[in-house]
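Dropping the structures in below, format is structure tokens.
Next, two complexes with chain A in common: one pairs it with chain B, the other with chain C.
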Partner chain A sequence: MLLIPTLLGASIIIFLMIHFLPGDPAQILAGPDATLQDIQNMRIRLGLDKPLPVQYFLFMERLLTWNLGNSLVSGFPITSLIVPRFLNTLKLALLAISISLAIGIVLGIVAALKRNTTADRIVMIFALLGVSMPVFLLAVLLIVIFSIKLHILPATVIGSTPSIRHLVLPSLTLGLIGAAPIARMTRSSMIEALSQEYIKTSEAFGFSIRKIILVHALRNALIPVVTVAGLNFGYLLAGAVITETVFAYPGLGRLIVDSIFARDYPVVQFGLMMIVALFAVVNTVVDVLYALINPRVRLE
Partner chain B sequence: MSGFLESLLTPQNKMLLRKLRRNKNVLLGGVLVLIFIAIAILSPIISPYSPTSGNLSEALRPPSSNHPFGTDYLGRDILSRVIWGARISLVVAVGGIAISILSGAIIGGFAGYIGGAIDDLTMGVVNILLAFPDILLALFVAAVTGPGLENVILAIGVYNFPQFARIARGAVISVKTSDYVEAARASGETKSSIFFRYVLPNSMSPIVVHATLRTAASILTAAGLSFLGLGVQPPTPEWGAMISEALYYLDAAPYMWVFPGIFLVLTVLGFNLLGDGLNDVLNPRIKD
Partner chain C sequence: MILYPNNTQKTFNRCIRLVRERGISTSAIIGIVVVILVIAIAGAYLATRGGGAPATTTASPSTTTTAPATTTTTTTTVAPPKGTLIVAMGTDASTLDPQDATDNPSEMVNRIIYEGLVEFDQNLNIKPMLAESWDIKDNGTTYVFHLRKGVFFQDGTPFDAYAVKTNFDRVLNSTLKLQRYSLYAPIISSVEVIDNYTVAFHLKMPFGAFLNDLAHGAGLIISPTLINSGKDVKTNPVGTGPYMLQEWVKGDHITLVANPNYWNKTAAPKFEKIIIKVVADDKARENLLKTGDVDLVLRIPPVDVASLNGTGNIITRAYPTSRVIYIAMNLMNQKFQDVRVRQAFNYAVDKEAIINSILNGLGKPATSPLASSTYGYCYAGYYKYNVTLAKELLKEAGWWDRDGDGYVENANGQKLEVNLWTPQGRYVGDYQMAQAVQSYLNAIGVKVNLQVWEWTSYLNEVRKPYNQSQNKELFLMGWAPSTGEGDWVLRPLLASWMWAPAGSNYGYYNNTQVDELIQKQMVTLGQDRLNAMCQAQKIVYNDAPWIFMVEMYDTLGMKSNVKGVVYLPIEIVMLKYAYSG
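Then we have the complex of A and B:
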């Protein structure tokens, strides 16, 4: 993946967001009771009085110098709004992807080893449900079970710094949903790896099957899983938008949704840019990792 | 009747039909999808009450013989809302997918056919759109256009566009360079006859499989938008919006979220099963 051109392209689309708004954006953002002077002030504040290429140049300058300006609603500097939220989302995403990988790989291996048994079928049903389950419905289920019935975990975050206890349910929600495609991928690539000649040969030589699985088959089987996990990270960031809203978790996703409602478009723009950038960087890292574990990629 | 229909099929298609019938995923997924479509089409006839008006004095009643799924916080019949919700989901998914298939096939197919700089540019834009993970592209469109049924359809269309553009381009390129198209060209067939007789039918199966799987994802995404309040607006009965309204009554009135939740999951599951099954039958490359 080409990191820089993708980010540049995404920045153009996100920059144009305000211009996609139907009607005059300055008028929309100034509100229904605005006077002509208010609208003109808003136009200057957003920089909409300048030619389009100049506007884009200023947008990129703000982005690259990390001087994002102020929120239209609260007046706070956007940097100070976004950074703590971004770190919270990163925390949530890393925890969730760890849960996904742990559950997904274990279930995938079990299903592959016990192929066509009840255990395999249960794993595959779990995987199919995971793909078909809306994030918000799983969130609701977990809240009902762990917060309302069992009273062991908090459902919503109060304040701006979530504790570990507040992280459990949101990361479990995202982690369980993300485990489904990883389990499927691990299963099918593990089945393929186990059918390879060298595995059969080493079995014939009397290596214990346990060691073969752990050392040889798994290593090869995990190569495609890395790619799925990378893609999954994107779903996770997207799912975080909904999860954070359900759990009132102070992350970037919820900030974006709140800012859409408040028509605080600069915050929406820079928030989206951060998520797209994070996703693009993760994809690049996955590509590099993929080439490292699988030397054939470099030859192609 | 079915005998007459079957007599119209070529032996090849007959074999395909037999394979489809024997595939468990196609069968189960197909049944779920058909039930969903039937509910959506018949909703004005089968829904016992109005989906949008209720009686406040009958609010939050648990399931009973009068209201099999109970009533919500405004006293509306949940069964009727769930039934009408199927129609909204179907309209949004079919409308959105139709927009993305049409635009994707035209733009992606054209890029693949022309090649060169136009192809590079188009695929560049497609790759940039794919840099917006999942629902975020739909969220972006919804943020710009505002809530409402038509805007959700547009958002779902844009959200699926890059996927279909990519598939259409790949299909056109692989068919364009294949031997039988070369042979047809050499034997003097016109471009449009080559397109309709060879290129289109041979590009269909990946698009059909993908459209089914993307319908599942689109129903989830549209429900997600409405759950966030950025999609279809109240009082329109939409499954995601219904679950969002239930958030204040999770314990007091579980029937408010359980029933729309079950219908949503089963519908998405149906499309996923059908898509997986069709993929096994139509693209039998992967031997498991």
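Then we have the complex of A and C:
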């Protein structure tokens, strides 16, 4: 039950960091023509004239009662800003992680079984490319190919909420990049698993090769893969800001970055708290998955 | 496995052999991957052809088909609005309450939904809008407006003199703390309804820029029904304009729909919808124009303006704006006391080279604190690039290279070393311009320490009072008067009572003669006012409180069939007249 202290600590760090950033939201909101009086009025209107500890307790109170209030900058209710953005991010993250897992695991197995052959090298070159290629480069490449040259997929979401068609390019970008470390991890842990004694035993029992590879070897090889994938998924949920920016995708990451630049304190605070909570949940789920995949791992 | 290394290798080899013997070939596995990928892409594409497609394809039929040729006939029938105009801009609007808005994106959207008594044309001349005509009385302290009849707000409320009064009573109500209170409160004393369609503004003093203040985005008229309902104006805007708000997804897009009851049949809305999409990244916006996802894109990077023009069906345009980029000097600092030093800095910088290499020719050297498109501008002088003259001026002021190290020193052997601050990405090419200035000043023996700031922190720092600004020496700023005239440059930037933090005189410029001329131009009209402004510009230019840099241009990219987009030099794109042709 480390969850509660983690969240509490995170809330204090988040609150202090955003408030200690130089710059004053009242000043930005009041605009370039503002007089001193305008700025002071704005500060009172935003509740920024109160002492910091009071502001922190108000923040915690609003968080615990899920009464988040309004954005300082736009005045929109914060739930209406964060929740749709979060759902968009969730869709993107789920699709991207599925692509990563499908491609990464299959390629990893191929490379492990065909160790030191041409197939292995091709897979490893792909993985190296994926690990070292900046995400915006791949994103722009995909836009140039599929949107500008071929005109078959949109490069952004316009108007309505994103449909699968809008999700293809951004999720492919994130999915391909994320597949690379998974492929490398699967390859090395598969090689390790295939070298184990029980593989010989399984073979002696006369199990089919498919069963040996996919059930006995893979299952044991999956633990480190799940760790990598879990971390990756956590980052995806925190918002893939660069990908969102290139595709002008309305996700959580962009909202938070925009809000930081505008010093929109409550949006940043609640947005980051949401991400911290999700990250903690994903980590817990990964722990549970360990036990499911490998019953020798016990949950204490 | 670590315990039995030999066995390990054997087991592994046996496993590999098994794979080969029982026939799972490499090609089969690679084939599976390829099939999964193809199915995933094709599946996603096909599955959404039904649902997702309309959202992005409605634009193309609308913009490629022309409206029926009813406009050429003399009948009063009007072509029904058709299709969608999709616009991409860098920043979302912050509020759709014109009296509370201070940013350009908000004003751009507000100018589609609302209309004012008067409006700017593309040269910033004042033209009638909801007022058909006006008389100026009592030595310029009373303006009487004769209002247009038969105009209705989008909620059905008729537009009349009471609506005007309700609006200005609201913005002048100090308890509401609206952002544009400070624009009108020093000028307007009261608004009087004379009859249903005649309204008088009584001013506290004659004020030369009053009509500009009404054409300003804050002078847009809100439905009195909305004001009296107590609903939040910023998210429920109701005006008299040709398009109404349908949906605002904060940070992503704003959808406007045609107002079917718009009063002006000759300027009726041509599109069914206008969608304004927020795309923060310059390159991403440009890409969306290339993919055809959007019809009009704000602010194309200058370097791409020429190459993009004419590729496919894309055209680009550059427009002079009223924004002047300047590098202010902290005049409370000992180093900038001598006017010869300040002028030397001006002569040392090659404005033309900066414009050509950094802005790709999209700019003009500044020849006054005002841009040439701003009302009241007059040519005040030009510090043409001249290194020799710059060095001479420094020498006269006691700064020359006494020890041969390449930097100038004064009699005490002190080097002339200055800090130069700049934001990055706030104005087109801001950081690159500061870098250029750094090397130009280096060339006359001034050591420059360049520091880049994040915008919000920067604003906080430059706005501090002089006794907290010891490290502020040279700093890059840009200013575009939202009223389109010179008072709103000279007064906030150069009047001594506008020293930061009270106003935007961040360099603490103080010249009693200029102060007097600023006060004079506020209360005079016509040629007298222009003369006062012109004199002030010339004095300021010779005093050289800034390094006068460039008048900026702004850029648009659009599909060639998008017509009727009007660009105002106050950096506002008027979208309400746009049509497809």
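Observations on the structure shown:
Just so we're on the same page, the second predicted complex is superposed on the first by the 250 of 300 C-alpha atoms of A that agree within 3 Å, B and C clash if a C-alpha of one lies under 4 Å from a C-alpha of the other, contacts with A are read in each partner's own complex, and residues count from 1 in each chain.
One rule holds in what follows: a contact is a pair of C-beta atoms (placed from the backbone, for glycine too) under 8 Å apart; a residue touches a chain by one contact, two chains touch by 3 or more.
On a predicted model such as this, the values are computed, not experimentally measured, just so you know.
In the superposed pair of complexes, A:191 makes contact with chain B and with chain C alike. When the two complexes are superposed, the chain touching more residues of chain A, out of chain B and chain C, is C. In the superposition on chain A, A:110 contacts chain C only, with no contact to chain B. Within the superposed three-chain model, A:245 lies in touch with chain B and with chain C [touch as defined at top]. Legend: residue contacts after superposition of the two complexes on their common chain; A:67 is shown touching neither chain B nor chain C. Residue contacts after overlaying the shared chain place A:5 against chain B, while chain C stays out of touching range. Using the contact criterion defined above for the overlaid structures, shared-chain residue A:143 touches chain B and also reaches chain C. Residues 21-22, 140, 143, 148, 191, 245-246, 261 of chain A contact both chain B in one complex and chain C in the other.
Per the touch definition, chain A reaches chain B in the complex via residues 1-2, 5-7, 9-10, 13-14, 17, 20-22, 128-129, 131-137, 140, 143-144, 148, 188, 191, 233-235, 237-239, 241-242, 245-246, 256-257, 260-261, 268, 272, 275-276, 279-280. For chain A in complex with chain C, the touching residues are 21-24, 27-39, 41-42, 45, 71, 73-76, 80-81, 84-85, 99, 102-103, 106-107, 109-110, 113-115, 117, 119, 140, 143, 147-148, 151-160, 163-168, 172, 191-192, 194-197, 199-200, 203, 208-210, 212-213, 245-248, 250, 254-255, 258, 261-263. Interface of chain C with chain A (complex): residues 1, 4, 7-9, 11-12, 14-16, 18-19, 22, 24, 26, 29-30, 32-33, 36-37, 40-41, 44-45, 47-49, 51-53, 55-56, 86, 88, 92, 94-95, 102-103, 177, 179, 181-183, 232, 234-235, 249-253, 255, 275, 277-281, 283-285, 287-288, 290-294, 454-457, 459-461, 463, 479, 482, 488, 492, 501-504. Residue ranges on chain B touching chain A, taken from their complex, read 124-125, 127-129, 131-136, 139-140, 142-145, 216, 220, 223-224, 227-230, 240, 243-244, 246-247, 250-251, 254, 257, 261, 264-265, 268-269, 272-273, 286, 288.
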